[in-house]
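Got a structure for you, questions after.
The chains carry the letters A, B, C, D, E and F, assigned in the order they are written, with residues numbered from 1 in each.
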Amino acid sequence: MIDYSYDIEMVKGRIEKGIRTNNRKDDEYREIKIETGILKNAAGSAKVTLGKTMIYAGTKLEIGTPYPDTPEEGGITVGVELSPIGAPEFYAGPPSETSIELSRVVDRGIREAKTIDFKKLLLVPKEKAWFVYVDIYVMNHDGNLFDACQIAAMAALKTTKIPKIDEDFNQIKGEYAGNLKLEKLPVLNTYSKISNKIILDPDLNEDYATEARLSIAIDDNLNICALQKGEKGFFTQEELKEIIKTSKKKYKEMRKIFEKL
Amino acid sequence: MVKKRVDGREMNELRPIKIVPSVIERADGSAYLEWGQNKMIVAVYGPKEMLPKHLADSQRGKINFIYRMAPFSVPERKNPKPGRRDIEISKVVGEALSHAVLLEEFPGMVIDVYVQILDSNAGTRVAALTASSVALADAGIPMKDLVTAVAVGKANGNIIADLNKYEEDAEDAVDMAFAMLPGSEEIVLLQADGILSEDEFDKAIKIAKEKCQEVKKLQIEALKSKFKALKE
Amino acid sequence: MIDYSYDIEMVKGRIEKGIRTNNRKDDEYREIKIETGILKNAAGSAKVTLGKTMIYAGTKLEIGTPYPDTPEEGGITVGVELSPIGAPEFYAGPPSETSIELSRVVDRGIREAKTIDFKKLLLVPKEKAWFVYVDIYVMNHDGNLFDACQIAAMAALKTTKIPKIDEDFNQIKGEYAGNLKLEKLPVLNTYSKISNKIILDPDLNEDYATEARLSIAIDDNLNICALQKGEKGFFTQEELKEIIKTSKKKYKEMRKIFEKL
Amino acid sequence: MVKKRVDGREMNELRPIKIVPSVIERADGSAYLEWGQNKMIVAVYGPKEMLPKHLADSQRGKINFIYRMAPFSVPERKNPKPGRRDIEISKVVGEALSHAVLLEEFPGMVIDVYVQILDSNAGTRVAALTASSVALADAGIPMKDLVTAVAVGKANGNIIADLNKYEEDAEDAVDMAFAMLPGSEEIVLLQADGILSEDEFDKAIKIAKEKCQEVKKLQIEALKSKFKALKE
Amino acid sequence: MIDYSYDIEMVKGRIEKGIRTNNRKDDEYREIKIETGILKNAAGSAKVTLGKTMIYAGTKLEIGTPYPDTPEEGGITVGVELSPIGAPEFYAGPPSETSIELSRVVDRGIREAKTIDFKKLLLVPKEKAWFVYVDIYVMNHDGNLFDACQIAAMAALKTTKIPKIDEDFNQIKGEYAGNLKLEKLPVLNTYSKISNKIILDPDLNEDYATEARLSIAIDDNLNICALQKGEKGFFTQEELKEIIKTSKKKYKEMRKIFEKL
Amino acid sequence: MVKKRVDGREMNELRPIKIVPSVIERADGSAYLEWGQNKMIVAVYGPKEMLPKHLADSQRGKINFIYRMAPFSVPERKNPKPGRRDIEISKVVGEALSHAVLLEEFPGMVIDVYVQILDSNAGTRVAALTASSVALADAGIPMKDLVTAVAVGKANGNIIADLNKYEEDAEDAVDMAFAMLPGSEEIVLLQADGILSEDEFDKAIKIAKEKCQEVKKLQIEALKSKFKALKE
């Protein structure tokens, strides 16, 4: 097991002195590894490790009825499961509020960047369209689940195949009509504020010591497409500016990872 | 010709806001708030012992914030059960509120803050947060400052304050929920959906900070009028 | 906060001596105030105060499929929410048995009096009809929720507008085809038995001291249309007779309130 | 020509009733009851410690009454989960039963009373209440009296006792559930749906009281035959 | 109440000495009594006692849509309710894992033997078929619920009448088109292993002392059609062989009971 | 000509199996397992205090085994909530596992074993059981032996080992989940669906026992390679 014996005060002291584990810089990600296409029953799948945080994501496509206010569009649903496998503090049962926030932040980053053109998922106006389900499992929690889950979702989506269907709209098992097209490649960056310092990609110890958290999604045009502040602390306007500048800088680096998939 | 918004407002003009504290007799503190079409009631119960005890924090108190929408408060009838949106808002708004309350004065205790949305038209979470800090003050809960919140964002190419539902449905709409402690300008809530450039973001934050000062005056007036009423 | 420091024995003592708060008579209601049309998203709405008991009610109309045994009728659903706003003893969560009894008694009083002609809610036989949802929120509990909720339900229903629909049976936002017609104006009266005295409209202290409770719905013809006894005490036949006589007497007084809406 | 009812009964005639106590070996008390087509089993467990403890009343015991209908007990299959009707009946019938039990003898304790409806045709709640007080007596729970219940009401212009389902569906049907302590005539259950004049109500109550005395005899006989069987 | 005061060690001691209550043999069932057709609202019904274990079962038929992978078939659903009536250890609430295992073992024994020809339940291909619901209530638990529930399910099914329907596929109340045909009569036998002895039909005391449990369903051709091992102990291959031999021997005896229904 | 199976396997040939222990850093023990297309992760947490305490057994510890399938792990998307099948498998597989663990060494405690199925193609429960006993060993939980499991059964007239989904869908398919302690050949899991004669059953058990010994070697190798890695 990872050793979490040192306390929050020690983490704070180290952060104040500019020391992170493995000499990481404040705006540096831990090592990211991605494997895709690993699960046959999934339409798309990925295993992502961000340092020691480990995520599995899988997608499924199902035909459903478009919503009345968007009769020519399909849709997407993102769910994050804090599997009891991933940490002693996770438990089996209905989604916690932490899991719901995580799901919704990942969902919004992808949705607001217009990553998927929902009109392309239409099969019959008002009647039939593809709905994409992204299910994300946290299998080892060593901090920054937001970014790790977003990367896993993007990797699974980017490698998702659209099933072939017959004239009755039944999926033909094991046959595919093509790949799901991602129009945009948004990147999510999550920052922790600890002792008035802002650090990117907090690990678990840093998570515990976090006073305020900010997740920011950046799109292909280096615009902000989603923001979420969390925890009981605060940010100043200057800190937000600093975070946005860092995120724009990080965008290209992270985009390369998605492009390679 | 000066451009105006669909409801006749200026770009950075808030909808009419009405705040009335002390509306629920049985609560320790409460507030009724109207913000444009939005209507809601907040009640505060506590501080009281946290039960079950294993959820208590022996170092400081907790805010238990619950936000709910009535089935009739939205255009399409909502299922009475709380949805994922209700739960997320409860979490982040509760965290924002927690920063202002002197929780270290209530070790092991909890303060329940309940918000019931009765009618809605965009911006309910910032309205709920604004009303909640009035209700906490009404309950006499010690706070380092009020929390004041507004929505800012973008619609049809303009950076605007306090979007209504119609504006939220614009093709390029961005809705940003913002809250700060008006004294220190510490930002405690920030949630945004939709595409904003860095410059637009800066402009939106600037408006948000100004508007918060405006809302804060209404909060103070509401509380003053109550204490004035009490003295008479 | 309302002061509930005096105990049940003191309430009983006062009731025995014929003393009620504000010198109320045994068959007298507290002051009733009603505001309607206060919520724009609701099809009908009302805020009701009965003394310090405060209720909000809102209605919504939705198109649904008639039940197989009444293929030419719409319907009504009444739900009472004991919001944690309204009392320290209320909690967030699924409906308690108290809330369910309250909902069903209010529902039956309205339904059994034939307040709404469900046949008039029909759009297409066997296929489409209006269903009316009445949601009632207890926002401050100072006793006698039964009558306060019934008044709020009636006020919200009487001011309910029926949405205009297009040829696909979709509601046209903000446009209305007319008002929901109430065929009857039933009145619900709730009595408490305390120390062998029967009092109308118990306030919260009286609620706590109640040995037996009776709710009676009276219709336009001064007939009984619903009855519900509650709590662990009993009534004698003579007490029931007395209650019915009082209720018939009160009917005209209360009806005037509904007529004015 | 004397008018009769669709099933040949007189206006104030009850359907056949059969009560058998002590049918469930593992329960502390129990009863099987048939009332026309209605068939049900009641079991009593307790008095026992109330858990969780914070629900206990240190002054007196509590009755935990649970009424459930089997999916196959009604014309259209019922969802096995308890519905709102089950919960309401459990509450009011439990309250009616509580009046008869000497609860002050069991401070801090609970007596569980479970009713399972196996077949139904109008009047299950009064049948359940009647059976429950036999099961409580069978369990040796001290009571000031039995609770005895009947349904009375109106169909096709007549005030009648013990409506069946067909009569309950009449255009002018009124169904009134009634229970009393047969000794003191204290009325502990009264629920009615449908339109009754004051005179009709008085008439219905009069019939109900007479019929309760009739049902009481059957309860007593059932209990006697059990104790007789025990002695032999 | 049945006396369960003697402890597991005493039961084990008796079993080792070959002593069972009422001098029952190791492969002997307690007395089985079956009454059918006892509930009018049920399509089929049975009350079964196996010693002092008492079960009620009822069936209902409803028209539903065939599953996409079996478009020409109806189906069956078996549910066992451990009613709080039946034992102090049962409680009101959602099904326990014990209840779910019981339901599924009874269901599989019946399903795998092809007791019902689901094709005969078809009304309109892809659209309408009969679905049979078997609900089983444990009303007194004195051990071996598996076999008692299976007998009750078989008895209720064998006496099930298929409702008559009109041209709109609505059931005509109280009229029947015929009986549900059972193609096979599978028998379920449940064994307990206690102190290295294998006994059939454990009573409640024997249930408590059980180290390992085996339920085996035998069909008309004396083949095995379902098996389920339970509890924390084990069986040897030799013990399984012995159990199969006993079960084949018992089949005819039990089948006679079903045939008589 | 020797008959082969649709995927080219011999009648009693297992699909490729890969076991990797210690894959979850935060768990006390864990294993990743591939078995043909089946892919899963098992984590072990404990032994730890059983909560709530009234569920604890003062004489011995308990295994809390939870088996779950991911929505994307099956051909048709599964509802994320656990179904009745998940619950039944959790019960019987947990019981099978309990036999091997020296539970008397952990009175009043619980060991949580969680299995998440990520991809599936017949035989997930035996794969889960096989992986779980590796994860328990990885956690250092004392056991009298490993538990080793395989599926055997019948398809198209042949008694075969380790059915795949295609074979499970055969008209005459029988799927039998089997597990034993490989040292003593004590059988701790046995579940079968479908029609088998006594002879076929004997033959199937014989194959199952042989195949378990084969699987056991893979379990041992996986554990050895871990301890070897640790030493280096």
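We take it that contacts are C-beta pairs under 8 Å (C-beta built on N, C-alpha and C of every residue); 3 or more make two chains touch, one makes a residue touch a chain.
Predicted model, so just to flag it, every value in this text is computed and none were measured.
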| item | value |
| --- | --- |
| Contacts common to chain E and chain F (chain labels) | none |
| Fewest hops from chain A to chain D - one hop per pair of touching chains | 3 |
| Remotest chain, chain C as reference, centres from CA atoms | F |
| Greatest separation from chain A - chain, by CA centre | D |
| Centre-of-Cα separation between chain C and chain A, whole angstrom | 48 |
| Interchain centroid distance [CA atoms averaged], chain C/chain F, Å | 58 |
| Distance from chain C to chain B - Cα centre to Cα centre, in angstrom | 32 |
| Chain E residues counted as touching two or more neighbouring chains | none |
| Chain contact graph, described as a line, ring, star, complete graph or other shape | ring |
| Ring path (origin chain B; first step to chain C) | B, C, D, E, F, A |
| Chain D contact footprint on chain C (complex, rising order) | 95, 97-98, 100-101, 103-104, 108, 112-113, 214, 219, 221-237, 240-241, 244-245, 248 |
| Residue ranges of chain F touching chain A (in the complex, touch as defined) | 24-28, 30, 37, 39, 41-43, 45, 66, 68, 70-75, 77, 80, 112, 114, 116, 118-121 |
| Interfacial residue positions of chain B with respect to chain A in the complex | 84-85, 87-88, 90-92, 95-96, 98-99, 176, 180-181, 185-198, 201-202, 205, 209 |
| Touching residues on chain E, where the partner in the complex is chain D | 1-2, 38-43, 45, 52, 54, 56, 58-60, 62, 79, 81, 83-88, 92, 133, 135, 137, 139-142, 173 |
